[in-house]
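For reference, the structure I am asking about is given below.
Note that the chains take the letters A, B and C in the order they are written out, and that residue 1 is the start of every chain.
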Amino acid sequence: MSELLRAEQLSFSYGGVPALAGVNLALAAGKIAAVIGPNGSGKSTLLRALLGYLPATGEIQWQGRPLSRWRRRELTRLVAYLPQSPTWQPTQTVADALAVGRAPYWGPLGLESSGDQRAVLAVAGMLELTDLLDRRMDELSGGQRQTVLLGRCLVQQPRAMLLDEPDTFLDLKHQMDLRRLLCDLARDQSIGVLMASHDLNLAASFADEVIILSEGRVAAAGTPDEVLVPAILDKVYGITMDRLERPGGRPVLAPRV
Amino acid sequence: MGKGPIFSPALVFATLAGVLTLGGVAALTWWAMPVVPNASRHAAEQAADDSAAANSNSDPTVASLSPAATDLIIGIGAGNHLVAVSDFDEDRPGADELPHIGDFDHVDWEKLAAVSPKVLVTQFGDRMPIGLRERCSQLGISLVDVRLDVIADVYREADRLGDLLGEQDQEREAVADLKQRLAAVAKEAQNFPPVRAAVAMGEGGSVSLIGPRTFHDELLTIAGGVNVAADLGKPYVNVDREQLAALSPDVVLDLEPSPPATPQQLRAAARFWQSMPDLAAVRTGNVRTITEAYAARPGWHLADLAEIFFRDLHGKTR
Amino acid sequence: MKRWSVGRLTLHVAIGVAAWSAAALVCLCVGSTGVHWPSSGEMIFRRESVIVASLVGAALAAAGAAYQAVLRNPLADPYLLGASSGAALAAYIWRLPALTGILALGGAAAVEAGQEAFAFAGALAAIAVVLAITTTRSGARRLDPVTLLLVGVIVNAFNGSIYLLLNAMHKDMPGAGGEIGLLVGGIGHVTRLQLVCAAFFIVVSCATLLGLSGPLTAAALSEPEAFALGVRIHLLRWVALSAASLATAAAVAISGPIAFVGLICPHIARRLVGPDQRRLFPASVAAGAILLALADAASRGLAQQHLLGSELQVGILTGLLGGPFFLVLLMEGSGQ
């Protein structure tokens, strides 16, 4: 399995306030890694630094090449990014919202090729959005909208996806759909997914690797089974956790009441 | 969270402070505000002012807030009564080195009180600033508002000011002289065919034409012109080039008095007229620019302006 | 769904041109001496009016669309960064006697260039000041939208105060044209040279902005998202704002500050073709040309009746449009 992303000793401060300190991580193609941690632990900052949007110190390598040696255009065809509150416009149609994701491939004057059109239709098909293509974004439910915005990342045809809490506004059904989609993408298209999440259990249920961030540092990293133990979690979250084993499945974590 | 008393000390204090502040502001405002005059008393007050001024001492000093009125005062021979002029008054014989005491919006009361004139001459008409009358009566100044739209106004106000300032004899003589000069122009103009003319002011894409019921219109007629703007019905009308072409004046009297018109403005105005090469006045080279300071304001220079119009209309000096 | 191909772009542009042509024909028929096909004499004046109005309207609408996209603010208009106050101030200064000597130094060219060239320079100078102050505040040559707006407000206010100060010091008799005319825009007479120069700047600017319509579409997203899509957001802001400001300065130099066209036309275009900047920009430019040509025709037509005592300057007409426009926007917004 080829290594998609490697970061070593990643550090970043907002003004004088440190947000990341000495973070190491690696992501392989076709793998799903979840980054969890309390508010302010640096999850969003980490994703933006890996993207190259924030000037962090340390070494970031995409596909074995340092970030600084990547040209913008090349990198956009490699990595897609979805922030916590993605931008969308109420009067935009779903088709238009998806099409914006093809911006890295547009020609001058924003002209699109037939490849662009095909990519959008393919993603719409995969996400079952084909019937909604002409609907306005403000006519969709929250879950549908989030699906469209995820689709905007997919039309970029990336090899890696950096997702900042994509599950936050989703109900249970949509969370399951998201889970299934990401697993399919990783398995069938060898896309590497680095996903920040609030939800320990969702992360536990399908991530190949879990990275726990606490105050900008990596508190622990490994398989969900290894890492999601009360000994570690209690210290990171500051509350007592119970781990409940599920027969034939991944463990479930719950705060002790 | 505990529950405090409903009327907490902080709340009471804040309310008291608010009430006191409001009360203080209201009192200050009451004290400072002039009383708003009743418009219907205007004419009666005008007469009262006049008689009051006439009854005062025989050598009344006068301040003028209107350049046209200043001209009038100087012209009727009462220039030595002038103690202050408006901000718009340029320096000229009879009115140089006098203090400037205000314009159409505000009056410098301190300066005015310092020169303490007996009479203040204004040209506000309906646009008298609120409180001016009250202030004047407080300071013991007689307010005289003149109207100077047509030639008859000039004679009437000259008589009035002559009486007020005790210069009746000089004034009557000056007015007679003025009337005689105008009559002379009119007589001479009869030797020439009437000329279709426009009196214009302004710059840019549109100009203002001066129409009927103005002294410009009357002077134009005296000088032997026919005002192309006569049918437009209003004293001042903005027209664009299309309308100018339709009106087709043979002579254009372009007034550029703004104190004083800069060379670049005059050039811009000339370029505007040149952009209408088919206009009769432009074709025959009959666009005359008049830059005298009094060109746009009525006043004592009626005869001077009539003579200028005559010269520009008929191409001959008298 | 249709892809944005050369064919579709051409179609949009062609529709815009066709709509404008129809409007221009109507505008040629309207004049201050009557509603009829113009005689050859009238044609000269009306043609110039229609061309200038269309050019200025197109420029303002193009600039407005770019400003709204770059600043991510639907209420942004082209005068936010000081163009109109700078132009008005410069135009006023040009009239002062003190300038006569300075202009003479510049020779015949400076004199012939006239008030419009001065206004153009004044507009550009004001914008340059705003950009300079903003980069000093934001650091690292960045143009932060919020800072830009605030600095623009300050510079506009400052220019306005200088204008009033000069006016108070140099007592002008209130009358036709004069200092009030400089504060309200109108379509007046421009020389051929001035028109060609203005057209040049406006065309260059519009071409630049059209070329940037791809990145500008992506720039509607938040900064990190746009970054992830390959948009060089800071460079884009500089180039787009400079181009838009050039068009605004040229427009305001020849016509004075005409209100609301730059603000309204992008919204009209958005209604017609959606928020995608690649479609919105050509539509906004067409809407601007058509709107201002029609407004100018209306103002010339109203002059026939000498309503309101004078020819209604087109800046007043467009200003009157603004109120109802925003009322409609507000009502529709709350309806959702």
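Annotations
Convention: contacts are C-beta pairs under 8 Å (C-beta built on N, C-alpha and C of every residue); 3 or more make two chains touch, one makes a residue touch a chain.
Everything numeric here is computed off the predicted structure, so don't read it as measured data.
Common neighbours of subunit B and subunit C (chains touching each): not present.
The most distant chain from subunit C is A, comparing centres defined as mean Cα coordinates. Each chain gets a centre from the mean of its Cα atoms; for subunit B and subunit C, those two points are 37 Å apart.
Here the spacing of subunit A and subunit C, counted between their Cα centres, is 43 Å. With each centre defined as the average position of its C-alpha atoms, the distance from subunit A to subunit B rounds to 75 Å. Every residue of subunit B that touches subunit C in the complex is listed here, in rising order: 87-88, 103-104, 201-208, 232-234, 236-243, 245-246, 257-260, 262-265, 267-268, 271-272, 275, 278, 296-297. Contact residues on subunit C toward subunit A in their complex (touch as defined above): 1, 3-6, 9, 210-211, 213-215, 217-218, 220-225, 227-232, 270, 274-278, 336. Touching subunit B in their complex are the following residues of subunit C: 31-33, 41-42, 45-46, 94-97, 99-100, 103, 111, 114-115, 171-178, 181, 186-189, 191, 300, 303, 306, 309-311. Touching subunit C in their complex are the following residues of subunit A: 48, 51-53, 72-73, 75-76, 79-81, 83, 86-87, 89-93, 95-96, 99-101, 103-104, 106-114, 116-117, 120-121, 133-134, 138, 156.
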